[in-house]
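Let me begin by presenting the structure, written as structure tokens, before commenting on it.
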């Protein structure tokens, strides 16, 4: 049994990690930290855990966790993870960071979109935690930068097209729609029920911090620099991200060829499911699972391909992918503890 | 007082028309028809009307309505309106048709996307009922083709850019999200609460019947043929359509210039509201009103303009616009009976 | 035209009042106050008002309002209204207070459930603002205590039974379910979308502050002291309260007799609608209107009567009833500015 | 491995059973039947199962299933299960029936509330499948009548009080609120998204068919005939039932005593969780799990006890409880395949 800790476990992602790790056959969660909830039982904050765990939130330093944990998940705000990661890494504790702090390879890009970076050295060690693209690197990683929720669905949706080189890389537009848990559990006016329910809106148009991350990874797959337009939206649902992605095709491809191409590209990937031709994904079909469902359409009239991908933002978009990365880092079968069938309805 | 009838009033659009017309100071609703609900009181089917009206649905022929109505609204399925419209028009009854039957000027296009057209002659008489573009024609119209819900938001969102000629007309992509009332009140699996709630999906990608309507009207504004990519989505809300529209800019324009340009274009239009720079619309801000809210953003990195428009699909996207058209046709001030402030939250 | 002010207008109730008063033919809203939003335009905080009003929130003292207002609505937290009401009343400005401060006739009861009362003298002047019961008093009132949202639906639901004396007054149980806007716009964890959506819970069981108000008013109607059990619940909807009320019958009454009895009791009341026998209310049929819908059932097997009432908590449960009270106080027809048909769906 | 079949698997309960049984370590689902969906892949009807199972719906007779199944779950409409159950029972196939057909011990009561009963003999064999009350009987059962969703939460909520004899059994009122999946996947107007969303209503007041089932079981626990008032409501959520239950106390009991009494009563029950004093359940804390959460409050002012219970109607209220029963019948540990932690948010 692996001893694991969750550093910064008070939010929706933290408790989702806890849920997955409690159900994981090879892990033993020994500590969950939260400064503001210290001393409070997890099940008091999240009654779903009543009778399941007696863990209490503690306010603990990295030093304390080093002695008790083999693996640590960092579920901290951007800008904080980089302050504690090195202490774990140096002590040989495997780290999976769910923030953006180690995702961007180019420090200057990070600093342009986020804040000053305190641990640029560690960036070299960090592996971008998208298992479908970087499995071999992840098996050897000691520090994993777990991808953002939007990037996960968009990169998985575009990778086969980019690898094949059949789309105009200057034409990519990703229009994404996220459930409200993506905004976290902080008290914000825009997160109130009455503000979200019966509403629908775009936000951070052409300025969301996931843009450089998406572009970095699309560029690596395409082996060329890529700029995209990305618009996130808030939809009145708890979980789920659906991304509708547009690109101009450089060659004529039929829908059935596309479906075959995607099935082939992801043939060894347990968590990517390609919809049969004529069918498109729904976030309700991935809710509660680590799956990414991808549907494909060709707009013959305009020469565009339209890719639609769906994930559960808290699982494949965060906690589930983190566990998938842990599995790879620790030599467990990739799907261990992640075989949940989606909960519908 | 004008005597008005609603032909095919059993659905969400029909009852919304009734709501607006009962509140209209110059109209008297004398008949609402429905074959399947004949004999049943409106307030039994829609309890919101209890104590408001004693009207009962009747199964009536056009001939019967001719004698009692000055204006008739047709809220019939596509393919049925064209069978009854001529009888009203010939008798001098003003007709506002909420179906697609008289929207497409080119019969062959209609027949390609819908079905065989039985009244091609009437197409010449029909005026496309988007008051912000065709006000003068509407004042003289006897037959109005009330626009589709998606086209309304998309055309209003793009008209200023197309009139100015500053975007690449081959680059237009409209990604739209609609509440569930857009699917009507028919019993369909995909309309069940448990199928829609906590879900989000695209449908009819690159094949929705509103495409030729949108392209026709954008082409008229731009004075050139236009093809677009259009993807409708279903979002778990009762009302509202938000359209996120992308286009490549042919010249550099700042966001503040854009906002000014739109404000100027719509300076005389009571129902189009341009968001101030940096602000974007939300369907919850137009719910229950005839407004179309438009927000503008420039994606400098990619040279694209992003227009976001929001309407209440049952009002500006259907019944409200129909009443607006009636006001123009009958010489009432355009906003008569349409001054509802949005209901929030 | 009456000049009116809203003192404490930043919340959902305040903006709903503003919506109703802007649409009222006899009022002119001259000032809306908010300490924390001072200087900000109403339409920036509530975009529904864009293009409708140029009002800005001001941080104003009662003294300032006295000179400009004929009527003032107090939409302040409990415990604050009592500090400002007297200044208005003394200056001859009519006051409608939407807090609990003047609802309870017995100061000691108020102080037991709320806090110390600073204006006990004013309690004598205050009229409980339930027009269906106290119309004549309200016509002469200068200070109206607008009822709580839960009390409104429960009192209207029970009054006919209590007046007739046909139920055991010791057996009353009111089980109420409210939409989330009842919690206001404050930043509370329990008001977040993800906490409310897909959830359902009871709160403040047997301890909600509306209990003494309900009991006071039921007791006045019954002319005997009454104690009830009251359980409020939170349901994932924006608006609406449905109350299911149980009582043991002292005599056998059929459902049709009950319906007739209720129709007779409320025969002159425009805003109370009695459902026909066999039919029950739904909050979706009163949303956006000032109506209270009441349905009746007899549980013959157990000898109980079950009353179900539905209101829009922001309208008949708050702002709409306040306007109804203003109409009575100022000599306008009671329904002026309140003839909205419910918005469905 | 046990071979199991689901007879009538097309609805929400059927697919939930399939989800649980696929995840169960000791079962192999060999057949799922549906007349109307025969030949169609499960994953085409429920995309959540894509990549999980290749099962297709078949239209099969009981005879065919007998040869391949050790256990059969009947998820048929009321009145149909009784026609097929005997064939399975006679062949030694264990049967868990999720309909009402074998729940009521008294044929005349069944026939009063449902329809003519074709297999009254089998009623003697059937064990009511509430494991917390009838564990020993269930271990020997060959035919289990799986409880209704409402009865499950209400009976578990009242059993400790009735066993102790401390409430007036004539005073019980159960006010229940259910998510929309309780109405199934049939095409009904009242199940449409726009009819349910933003709505809340009571239905079948004092006439719901679960009444005789609840009364039978409460009577068995109390060892006296009991009549209750029961009101079901529809709340806009996919899953979950919250029941608020009222009863007059015959002796004074404090909340802490109550909590202790319940904890003691259910001390060996893995799936019943008693909330700590002052805390009440929420359907969102049991969603996706087989738990029944129970909270307790004392209304000292009126001498009533208020019990609030929450379950996931599709799991503890249907499919999960059925699997729990199967575990008991087949000698597996009771919680096998049922250790899901609730999915929140």
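Just so it is clear, A, B, C and D label the chains in written order, and each chain counts residues from 1 on its own.
Following the convention adopted for this analysis, a contact is a pair of C-beta atoms (placed from the backbone, for glycine too) under 8 Å apart; a residue touches a chain by one contact, two chains touch by 3 or more.
Everything quoted here is computed from the prediction, not taken from an experiment.
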Revision key, fill the gap. Set B-D beside A-B; more C-beta pairs touch across A-B
Review point. With chain centres set to the mean of the C-alpha atoms, which chain is at the far end from chain C?
Key: A
Practice item. Compute the distance, rounded to whole Å, between the mean C-alpha positions of chain A and chain D. Key: 36
Point to revise | Chain centre separation (chain B, chain D; CA means) in Å | key: 46
**Study point:** chain A-chain B separation of Cα centroids, rounded to whole Å
**Key:** 39
**Study point:** Multi-partner residues of chain D (each touching 2 or more other chains)
**Key:** 12, 181, 194-195, 197-198, 236-239, 281-282, 284, 287, 345
**Study point:** Contact set on chain A toward chain B in their complex
**Key:** 170, 173, 175, 177, 179, 194-195, 197-203, 205-206, 211, 227-229, 231, 233, 235-240, 242, 244, 246, 280-284, 287, 295, 297-302, 304, 306, 308, 310, 345
Revision key, fill the gap. The answer for chain A against chain C in the complex is residues 12, 180-181, 185, 187-189, 191-198, 236-238
Exercise for review: Would you tell me which residues of chain A are touching chain D in their complex?
Suggested key: 12, 15, 19, 22-23, 46-52, 181, 198, 238-239, 270, 273, 275, 279, 281-282, 284-289, 291, 293, 339-345
